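Consider the two complexes below, in which chain A is the common component and chain B and chain C are the respective partners.
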Partner chain A sequence: MQSVTTTASSPSAAAQDLPADGLVVVVKQDCPTCRLVAPVLGALDAVDAVVYSQDDPAFPDGVAVRDDTALDASTALGIDVVPTLLHRAGGAETARVEGWDRDRWRELSGVADLGAELPEWRPGCGSRTHDPAVADELLVRARGHLLAARRVELAGLEDEAEALYDRGWTDGLPVVAPTPPRVLRMLAGTTRAPDEIVAVVPPNLVPATVEKVAINAVLAGCRPEYLPVVLAAMEAACTPEFNAHGLTATTWGAGPAVLVHGPIARRIGVNAGGNALGQGTRANATIGRALQLVIRNVGGGRPGEVDRATLGQPGKVGLCFAEDEEGSPWEPLSASRGVPPGASAVTVFAAEGPRGVVDQISRSPESLARSLARALLGVGHPKLAPGFDAMLVLAPEHVAVFAEAGWDRARFGAELDALLLRPPEELARGADGIDEGLAGPTQPQPKFRPGGLLVAVAGGGAGKFSAVLGGWVGGRGGSSPVTRVIEEA
Partner chain B sequence: MTTVLDPTDESRPAARTVGSRPEDLTGRTVGLLDIAKPRGEVFLDRLAALLAERGVTVRRYAKPTFTRPMPADLRAEIAAECDVVISALAD
Partner chain C sequence: MHDLAALEADGVTATFVASTEFVAATDAQARALGFAAVPAVYVAHPIQDRTDAEMAALADEALPRVLAAVTRGSSES
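For the complex of A and B:
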């Protein structure tokens, strides 16, 4: 397989070498149409046409050919097809013919009997600039100057996956090697400049550029179109309100989780349906992971170091899902979080792994609300209130019970609040034979602080289940959920 | 050979050296920092008594919450007022 000549001049130098006026032809020997028109190129010598060859400087035989095996001229000219015949005047293109078209080649060249022995028309072939084998090198040559991160050479005999793990860059699972072409393709997913500072990342308070986030998004396995979501999640997670430092350092096992709102979720394929909290969907699996890898690699938040979790939980590898806004009978959670209708956004919140809640019997909203409230009391400890925040994910069959009875989101929240206001005798230390609990409570206590329980709708169509994702200490002494609109979505 | 881009902050951890320890505490001021974990004061009260028996000047400090880093002002205050600091880290 032929590679691009790496010692070639830069594209800008090639652009300067392009003839400012007259005819230009770009060909490659590997193309049957180019071989067909080879005799014609000799005739074009008479009108001072400049011929570039993409793959063989000796082709066509007997014609003065410029070597474009480095593809600089082809890139500068924006060649998609060979052969291409161009006319330039004053350094700008005035006409272009792709493939062999006898009448148009005659018209452009002014040679009346050009190609009399050739068929009238033949389609061309793809330009070598589009050959996947060389596209990466061309991308790096054209845009590599945008990359500022330190380049690390992996030795030829190193296994790539092992090498990246050995450098401490992974969460324990294999990562995708962040090569310059992959990072450049990732950066194409955002309109933001690679050197823009996205956030100052805890715990080490290191400024992270768009490029650094993109590198970690490659590691995580993201596609370029996920990058705007990852960038917004980074911004949200690095606010004082979210307190990623405390969440990383705490012995409690919660980690940062990402809920995606609005049309971007469907556009990039964030799962809000069956198995939304599980495996199998690339966006769900990699967006939260990218956020965690930035905190690890840029911020320095590593398990056993600043991350002091006693047990942790599998969601700390990365947890991301979307609300099923189209399927939900309720207004989306994003509305109460200040996201304008039609906009896309992320909410970053502290979360443990999901705990399923079964209720297959309740058909009245009152009964089902009591079931869910009972399950929510278990967050942290049933006798601690208020304390930890939580996320309740209602699956379609459960939210339908409320919607069919005329309960909207606000009614559901108010009914739940009433059920979650617990009497002091239930919460006191020693009550029910359990030493843990509140010290000398005299008033009923809410299980969650105001705003401490988020409710989203997601999940597959079958199953009278919901899920509780316990959080961490809510508010100023811990972490508050933070929502960011994705401006570029 | 594969070239990859460094995903880290590209800095070795800032080499922080621990200040040299004093030979003894005579005439020194020792700060006792309660990070606000439950029962941290029990440990620090006992330390304060033991230090006082040895004629050491003791100053007490507390973080507002253990869940967040120490306020910069508090850090500066301790550094200005004390020769040594002992932090009660666990509960």
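For the complex of A and C:
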């Protein structure tokens, strides 16, 4: 049976029977080192050692063994290796020896001639608690009580992918079934409590717990180490400034995109290099998708319902990338957004899909800036200014032109601002035979409001191509980019 | 819709006006928020490219329905 559902049991009562004081040995018959040390376990009877056997209650022969084939004691003791010799006092572990180490076993047991006939040292074997065949069951048994989400049983003959699609939990692509073991493994990616409210998710304003976000991270295909990024992105997206409700409901096609800053990007593998805006990298492909699935499955933002996008765009499945902070000659975008040096953060911003900008000829910063400005004027409509926000992603070969000429991020921004200040006669309704435009402008207008154009550096080493990600209406009545520092353990 | 719910919860009769393209969005949000019926007033789509005169005509056409929506409570009670 496929299960997104099984009823979680509470921690086994057997775990409560652990000896509070004295020696504990955990072994399994299917371990050469355990068989090697079997003779010494009899000698430990004299010091009242308690022996647990993970796979055969009759092993070792001649010793009073506690049956731990259910692995409750091993799980409660956190056994990684067998044999393991433990000393406990007052219900807490005070010492542990993994594998056979004659001197340490003698020291811990107080039996001076223990194992005289054995070699000095032998490594142990893996504990059965790490056997993939039982690990999931143990995980649910130990921690399943932390899960509060409604369980749904799938019939044995139901196709998992089809069943989840039929329930409306997907963006159209197959999702990973959020079984209790998968959700529990995802929750290991954060120290935050499963029942903590992360955000109130629009459009239906439904509180999302860490558990609910983790479930959608599983659906999206995230790894547990991505979860802190997803949680921070959720917090950022559910602020009034970001206005995820409006972004979901608008007929415009932009969606929430995620830019990852700081060391976590490299550590979890968010791509900032070649194809950073494309396919092929799990973190990029799934983090933004998880955010969108929470908005869909928790917030109720579904296409055809509250999501009224006329056309939409492929980035609405999920769009996430990192700035190439190590490779960039400029200070990172995060510095101007209040992120302390060395910290990790996310910036959530409204974005359409990327449009490439070609300039393979310009070798002066002035020329290249003009090329980029010309492309940026197309955001929304060339005659609407200010209108929509945007993100400019400068590829390494382009940013190098500016850096080599001594232009830093601030100089580049100032030069771009000047180029993007457009005369009223160019913007007015009817100008160039186009009815669209501003109604009666009398002064030059900036293409972007202050703070409405973000500039990040990313991309592969070859290609004099940058990219423009058009946004949505900026500021009040629209959306503003929001940055959140990522909470890490 | 959230504003509508908040106003109604405070005892303030409310309605909203949207174009006919947004009926499905209204229905979806109404179901989610537990509205049995939404006192919405729909006008012909589109809106964005209307002239001022066309907008005024739309408003004139909609006004009796808006008034009916916001006075329904007193007339029914």
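As a convention for this text, the second predicted complex is superposed on the first by the 378 of 489 C-alpha atoms of A that agree within 3 Å, B and C clash if a C-alpha of one lies under 4 Å from a C-alpha of the other, contacts with A are read in each partner's own complex, and residues count from 1 in each chain.
By definition in this document, a contact is a pair of C-beta atoms (placed from the backbone, for glycine too) under 8 Å apart; a residue touches a chain by one contact, two chains touch by 3 or more.
Since we're looking at a predicted model, the values are computed, not measured.
On the superposed chain A, the positions of chain B and chain C overlap enough to count as a clash. Once the two complexes are overlaid on the shared chain, A:308 sits against chain C while remaining clear of chain B. After overlaying the two complexes on the shared chain, residue contacts for A:300 are found with chain B and with chain C alike. In the superposed pair of complexes, A:129 makes contact with neither chain B nor chain C.
For chain A, the partner that touches more of its residues is B, with chain B and chain C as the two candidates. Of the two partner chains, neither chain B nor chain C is touched by A:466. In the superposition on chain A, contact of A:33 is made with neither chain B nor chain C. By the touch criterion defined above, A:477 reaches chain B but does not reach chain C. Once the two complexes are overlaid on the shared chain, A:204 sits against chain B and chain C alike. Overlap of the chain B and chain C interfaces on chain A: residues 204, 300. Residues of chain C that touch chain A in their complex: 2, 21-22, 24-25, 27-29, 32-33. Those residues of chain A that touch chain B in the complex are listed here as 147, 149-156, 160, 164, 169, 177-180, 183, 204, 206, 211-212, 215-216, 219, 243, 245-246, 250, 293, 297-300, 473, 476-478. Residue ranges of chain B in contact with chain A, taken from their complex: 1-11, 13, 65, 67-69. By the touch criterion stated above, chain A contacts chain C in their complex at residues 203-205, 249, 300, 302, 304-306, 308.
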